[in-house]
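The two complexes that follow have subunit A in common; it is paired with subunit B in the first and with subunit C in the second.
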Partner chain A sequence: MSIPAPLTADWLKTEEYRELNFARRDLVINPAKACQPLGALVCALGFDGCLPFIHGSQGCAAYFRNSLSRHYREPISAVSDSMTEDAAVFGGQNNLIEGLRNAHTLYKPKMMAIFTTCMAEVIGDDIKAYLENARKQNALPEDFPVALAHTPSFKGSHITGYDNMLKGFLETLAEPRRHSTHLRLYVVPGFDPYPANLREYKRLLNYLGVTYTLMPDYSDVVDAPNTGEFKMFPGGTPFSALREALNASGYLFLQTYSTQASLKFVKNVQKIPTEAVPIPLGIRNTDRFLTTVADMTGRRIPAEITAERGRALDAATDAHPYLHGKRFALFGDPDILLGLTSFLLEMGGVPVHILSSNGSQAFAKEMEDLLHASPYGREGKVYVGKDLWHLRSLLLSEPVDMLLGDSHGKYAARDAGIPLVRVGFPVTDRVNVHRYPIVGYAGVINLISLIANTFLEDKDRNADEAHFELLR
Partner chain B sequence: MENTGPAAVAQIELSQKAVEEVLNLYPEKARKNRSQHLTVKDGDCAGCQLKSNVKSVPGVMTSRGCAYAGSKGVVWGPVKDVIHLSHGPVGCGYYSWATRRNLAEGTIGWDNFVPFQFTSDFQENDIVYGGDKKLERILREIAQLFPRAQGISIQSECPVGLIGDDIESVARRLAKELGLPIIPVRCEGFRGISQSLGHHIANDSIRDHVLAKKQGEPPGPYDVGLIGDYNIGGDAWATKKLLEESGLKVRHVWTGDSSLEMLQTGHRVQLNLIHCYRSMNYIARHMEETYGIPWLEVNFFGPTKIRESLRQIAARFDRTIQERAEEVIAKHEPEMSRIIAAYRPRLEGKKVLLYVGGLRPRHIIGAYEDLGMQVIGTGYEFAHGDDYERTVPRVQDGTLIYDDLSAFEMENFVDGLRPDLVGAGIKEKYVIEKMGIPFRQMHSWDYSGPYHGYEGFPIFARDMDMAINSPVWSLLASPWGEKLVDKNRLD
Partner chain C sequence: MYVQLDQSEPKDFCSSPLPGNPLLCRRALPGEGAERSCAFDGARVVLMPVTDAAHLIHGPIACAGNSWDNRGALSTGSQLYRRGFTTDLGENDVVYGGEEKLYQAILEISAKHRPQAIFVYSTCVSALIGDDIAGVCARARKKVSVPVIPVDAPGFLGDKNIGNRIAGETLWQHVIGSRNAGAPKIPRSINLIGEYNIAGDLGGILPDLTKLGIKLQTAITGDARYTDLTQAHRAALNVLVCSKSLTNLACSLEQQWQTPYIEASFYGIEDTSRALRNIARGLADRGLSGWTEEYILRQERETRQAIAPYRERLQGKSAVLFTGGVKTWSMVSALTELGITILAGGTQNSTPADFERMKARLDPAARIIEDTSAAGFLTLIREKKPDLLVAGGKIKYLAHKMRLPFLDINHGRKRPYAGYPGMITLAEAIARTVFSPVWDLTRRPYPPARGGEGGNEDV
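And then the complex of A and B:
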């Protein structure tokens, strides 16, 4: 294709450029997805005393730790076995064994989670055999718990890595299912960048009086108190609960695209009663979460939660004029997008562009069904496998009022002259976003406040004196 | 600088004890290795020989990165009108996407590609069948979508070298087809032992594919190049201002807010000024050997070092520049004295522990000393022997010096030496703050800056004061202490 030599940067904003941009097949520009081992690391942080152990290049470990520390503004502890050129030739067994010995001695973890970088995957390292050899060489005590997962960066994204690691924990460290199971519901949150969301789940489950285990639960690890004392292992799902994980009375998954393999494992292989609900984001999804828990456990929804729901509804009725009819673009991980869209539709918001770099065709279908079920979803178009440079073209050619997504969206939002409300991972340019839940009824209130107040801030900032009013 | 008084003796003992205690906790093999990377400066410094630039010990939690980080992240990233393709799986490009604060002017997406991540997003098929064909198609797509890009660099990630792709031949072919410089860089993360080899590889790729590829204007009498200033938070702009005030003309910055042309005509200067010696000495030495351009290491942190550097630079030129330099110093020093008078009483005697990379573990000591502060520990992530040779004379007796510090060592050293301020990176920041100790990120200036030049020092002083004297720290202990805590309630 030959194009006339463009004269100015405005060419980037044209319809012609949009077509050219969408015609590209191989180049990826600003994708909203990380690689598998980052998700595996997040999952591993959710087990008490677990030290994430990255088998591969040390640079990867530095990158994961940097990225997570920038988002959470918290220490992220993880080791690597620093494989270099000789390991590329001979395999990384020596690195793994020495690394396990050192990490175990220095950091005294209660368990470790080994997962791989693409280097180890390309050369085909057999981490299971290496681990056995490490035990034989007394690098670790015979019974020291270690979970294993293969997390190649050239397949899927960070949500795949979270899933593979969780399945690895269950396969490697959970005891086989017995006939007489205990009455404990296991709740799997999925890849969730908000420790406050995990706390919100626990708060609601406690209200319901359910006997449950949230797994993995990194809320205390990525949101630890400052007491003047650094604790490398400040909490998480205990090993005892992991060991008993296959004896659950049931499993409830609160995301599905970030838990596919684990869900399949407990439901189809282990035959444990399993339910999966969309992330409890918005009123209806929260209703569904609570009623599903009630159904699975025989508990009743307490009056306090009903009152909470009422307060969230009150906030929604108070604020609906600020969201109704507003046009939105959204990007991020599939599960969180399904929740956000559901929430926006409830509020009369109009999702226009929904883009997921790591979304599958199945996700696109589910999202389209959700959009078609609401009169406010008619304009919505779903883009999977696309990136934020595509999104920029969309924002410029079919304008919207607001972008919802992670901090990387700020460039496209700026070019389009619209505000970005930060939702998802990573948020690196605002503080404390992860400390406010966006799930549950409390999350509904937080999201409404974030979105409505951002519009109202803009209105005040851009109003001339005549229209600068006290009442909004 | 040497101080052999009782305070120094006590500091030597304290530091040596901290080293011994840490080493005792290692397994034997790791202990033997790590003992060669830790030392304490004492008088004659007989024991100051440090081992460096060797493999990290597996499993200890090193802070080091990889060759790709050194090439794409450090050296190439700030070349704003070149598209840097992270070639391989999505992660490396994602994690290094706009995370180093190389400010750059220009229209984003048109002639400035710094805040971008371009990736070939390798899938399993690319690993199995090779990525060369895909690379060709990607290079064509880049040329079509970004007509103002002046070139493309191919930053190799681990799999590229492991599956045997021939990116050099693709680059050669496509450079001809597209009429664009295309630079293959073999910076796979498994090469070498830290970022450092990536710097070297990137320098070599500039030498082989870029430098002197354009003739450029012959240098004027006062034309200099600024090498190894990455414009973190606008540092290079502050440095440039200072040099130009002194009558010099900064023709090129390598690499901060840089254009490809700056690199292509980099040999057209009278003198190269090196800020980060570690990452860029290779190209400076090459220019010296090939084009006879001398180079000089400079330091623009804090008024003392700025003064020294300006005089050293001026001494390489004529009276005009020497007089201008003195004028610049005389003009700015009163303001610097005011800053010191304001902050020194709040910071006098405060102890600082540093752990950074590149040049900062030695260069920034002077700025702390200008404020009356004492550096009691310093070290590098990826230094070589010549860095430590330059560091040891700069520090006082009793200073702990460490190479490739592990998280375990850092936590123990901080606990043992109880500094008033720690300066390191994002991975260390929250560990130290959780210990109740003030911290500043000294890679990214904690999203502040610039810290270079007369423009930077007031910001530096304000930031260090803010960290140490924030009232927040006084709230750490709860008024009820341990006694009134109902431990059962925590569960």
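And then the complex of A and C:
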């Protein structure tokens, strides 16, 4: 490379570099994904009394707790069995057995979820056999519920880990399906970093009068009220509901890429009536969610919800000039990106760059179909398996008005001189973002406000005196 | 759960086979918690503040995805060190090995990002699949124009301390003295070992040094330039700020480069003064010692004046202190200077010496926290009911749930507490949380006596 060192920073912003950047193969720069066990931990937090148990190196566990604590601003409980060099040689069985015994005695959970880090996976630990031996050695009571999942970080990402863990719960702890099932709809949110989204689902389902179980439901765990006492297990989907999970009348998945294996398991293996809808982000997706629930349960959508929808439409019409024609770049997990794109398209926003570090080819295809179905989607290009350094090149060479994504996007946004509206995981530099739902009709209003008001804030901050006006 | 100081010797609790582990704090037991990070993280912490270097993590997404730019070590120059470089090892790499990928990644970084050096970190996975990091670095070095330095601290080696130590050894072996090996010492110059410039801490120390005519060669490592590090052997004195596990580095430098070292802390008024005084003495410069005394007197007076209003309000408040390294003992003094009584102190990541020092400075009635798990912590807080908890970020939200004012003293903090100006910032930060009206708000009985059935909340 013949670029003199002092000019490197500028050169890294050029079109020429963009091409070289996209030819980059063996190096990832500023990754926008976390690892499988982090997702598994998030899943495990959604079951009542469940202690996440990380089989592997202790550093991983400390990292997960740190990352999650910074996003939710909440204490996150998990234990690790601290495998070290000797375990790498002899296997981690002793660590697992001793760890289960200690964790059970110390924290008295109602159940545990064991999942693995790379270390245990590389040496090939048989956690199923280890668990049986742990029971034989009385490290745990014979009938103490434990779910298992293999979650190597060198495969997939946090959404894969969430999925594998959920499937692990169903396979290990749900009772076999009987002939006569109950009339309970099981709703699976998927990897959703907003406890407020989960509360919103429950609120809408309650309005509909549906008998349902949201699973897993961590909203009371990562958004617990301040009572002056720390409760290690403040809530979640109860074990009784998990045990009966395969006797559901039906399953509704509100994300598909973060629930692929679990969805296949209930639909194809267990033959339970199953529907999957895109995350209810935007008017259309929320309509679809509610109609699907109505169809599956025979309930009618009540007047309160229709009124709510009307208010969201009113917010959309009032704010449409601030979004129509604006150009956006988005990055994040596949499901949330599909929802955000659908929302932007219905508001007349123009998604230009859509980047997903952990997106598959199937996701890219689905996204392209969504874009092609709208006149506002024609410019949109989808990038999967790319990182935030690629995104930076895109923002600098093909400018947009706003970036939507998690806090890690702030550097690229700053270099491009555009605002970042924080959506997704993790958000570590703003408060209470996870406490506002972005799903449902309420979510439509929140998203419109976030985006439009950010543009307006920018306008005020940068306006000269003559254009600094009361009315916007 | 915890022991009275006078009842037992710390070593009674320490059966750790690993040297350098903190007393009273044996290795993490499987299943007891997930408080402690790993050797990889320990190495990252020490080396990441080499700001004009690239830091390449040879591992799966876990290690880089969770750690890029996750610490508040600031730079006044290059921001390259915050860029998250990783080989993002996948399943195929685990099966077939990742050496070629690593080699290509090093070439890519060197060509496009222009670092002054490239640090390459091994991880659990790269170590277990047997990738020869040192070999790849040596091979790549022939192709690129900057040093390529292997950092062999996979997470499974153990606690953070071990990683700190390995990073120190790496600097000693590969970096310090690699340029101008024969050059003479620079008069009145020092290195600060174990100063990471968290939240810009150096900004509270540097002006003092400059005014006294002392040159900071480099912090090892904080806001550090690679070239300055290569010549760290030219400093006349090493000042060990965070003794933790970098003591070995100070010792190695003394042996190889005949640089004497002293230990010091820049937290709190008295410790800052003592540090400056001892630096002057360590540099064996009578003139310097003379004007340092004058300088100290003036600074102490001004700082005491500035914190007086805070001290007046904080007098009689109580705190529990739980931190690591140098802060273990220096925070004892800093809090005492603010009139705060320490009810209990504890540490996970400290050397025996740090621990002994903490013990010596604590009131004999204070407790030593032995059970550092969440459960142990909760019991302690319920029993002691302190007005303030001073600890690392992992405990912050636990404290908030307990309605306990909290001060983050570790790397997650956003404000500099070092030196004389840092003491004022510290006082202000403590007052901001201790006197927040939000705590009164949380303690209002609810539902009110006339209210309905709102659920009985424990207050």
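FYI, the second predicted complex is superposed on the first by the 464 of 472 C-alpha atoms of A that agree within 3 Å, B and C clash if a C-alpha of one lies under 4 Å from a C-alpha of the other, contacts with A are read in each partner's own complex, and residues count from 1 in each chain.
Please note the rule applied: a residue touches a chain if its C-beta (ideal position, glycine included) is under 8 Å from a C-beta of that chain, and two chains touch if they have at least 3 such contacts.
These numbers were taken from a predicted model, which means no experiment stands behind them.
Clash or fit: subunit B and subunit C on subunit A?
Subunit B/subunit C on subunit A - steric clash.
Going by the contact rule set out at the top, does A:Gly228 touch subunit B (first), subunit C (second), both, or neither?
In the superposed model, A:Gly228 contacts both subunit B and subunit C.
Answer with first, second, both or neither: which of subunit B and subunit C does A:Asn66 touch in the superposed model?
A:Asn66 contacts both subunit B and subunit C.
Is A:Ile54 in contact with subunit B, with subunit C, with both, or with neither (first, second, both, neither)?
In the superposed model, A:Ile54 contacts subunit C only, not subunit B.
With the two structures laid over each other on chain A, which partner does A:Asp464 touch: subunit B (first), subunit C (second), both, or neither?
A:Asp464 sits against neither subunit B nor subunit C.
For A:Glu304 in the superposed arrangement: first (subunit B), second (subunit C), both or neither?
Neither partner.
After lining up the shared chain so the two structures overlap, which partner does A:Pro31 touch, if you call subunit B first and subunit C second: first, second, both or neither?
both
Does the superposition put A:Glu142 against subunit B (first), subunit C (second), both, or neither?
After superposition on chain A, A:Glu142 lies in contact with neither partner.
Taking the two structures together, which residues of subunit A meet both subunit B and subunit C?
Residues common to the subunit A contacts of subunit C and of subunit B are 1, 3, 5, 12, 17, 20-21, 24-31, 33-35, 37-38, 53, 56-60, 62-67, 69-70, 73-75, 77-85, 87-88, 95-96, 98-104, 106-107, 117-119, 122-123, 152-155, 157, 224, 226-230, 389, 411, listed in rising order.
List the residues on subunit B that touch subunit A in their complex, please.
25-27, 29-30, 55-69, 88-92, 94-99, 107-111, 115-124, 126-127, 134, 137-138, 141-142, 144-145, 147, 157-159, 161-163, 189-193, 195, 406-408, 411, 425-427, 429-436, 476-477
Can you name the residues of subunit A that touch subunit B in the complex?
1, 3, 5-6, 9, 12, 17, 20-21, 24-31, 33-35, 37-38, 53, 56-60, 62-67, 69-70, 73-85, 87-88, 95-96, 98-107, 117-119, 122-123, 152-155, 157, 224, 226-231, 389, 392, 408, 411, 415, 428
Over in the complex, which subunit A residues touch subunit C? Could you list them?
Of all residues in subunit A, those touching subunit C are 1, 3, 5, 8, 12, 17, 20-21, 24-31, 33-35, 37-38, 53-54, 56-67, 69-70, 73-75, 77-85, 87-88, 95-96, 98-104, 106-107, 117-119, 122-123, 152-155, 157, 224, 226-230, 232, 389, 411.
List the residues on subunit C that touch subunit A in their complex, please.
Contact set of subunit C toward subunit A: 27-41, 56, 59-62, 64-68, 70, 82-91, 93-94, 100-102, 104-105, 108-109, 111-114, 123-125, 128-129, 155-159, 373-375, 378, 393-398, 400-403, 412, 442-443, 457-459.
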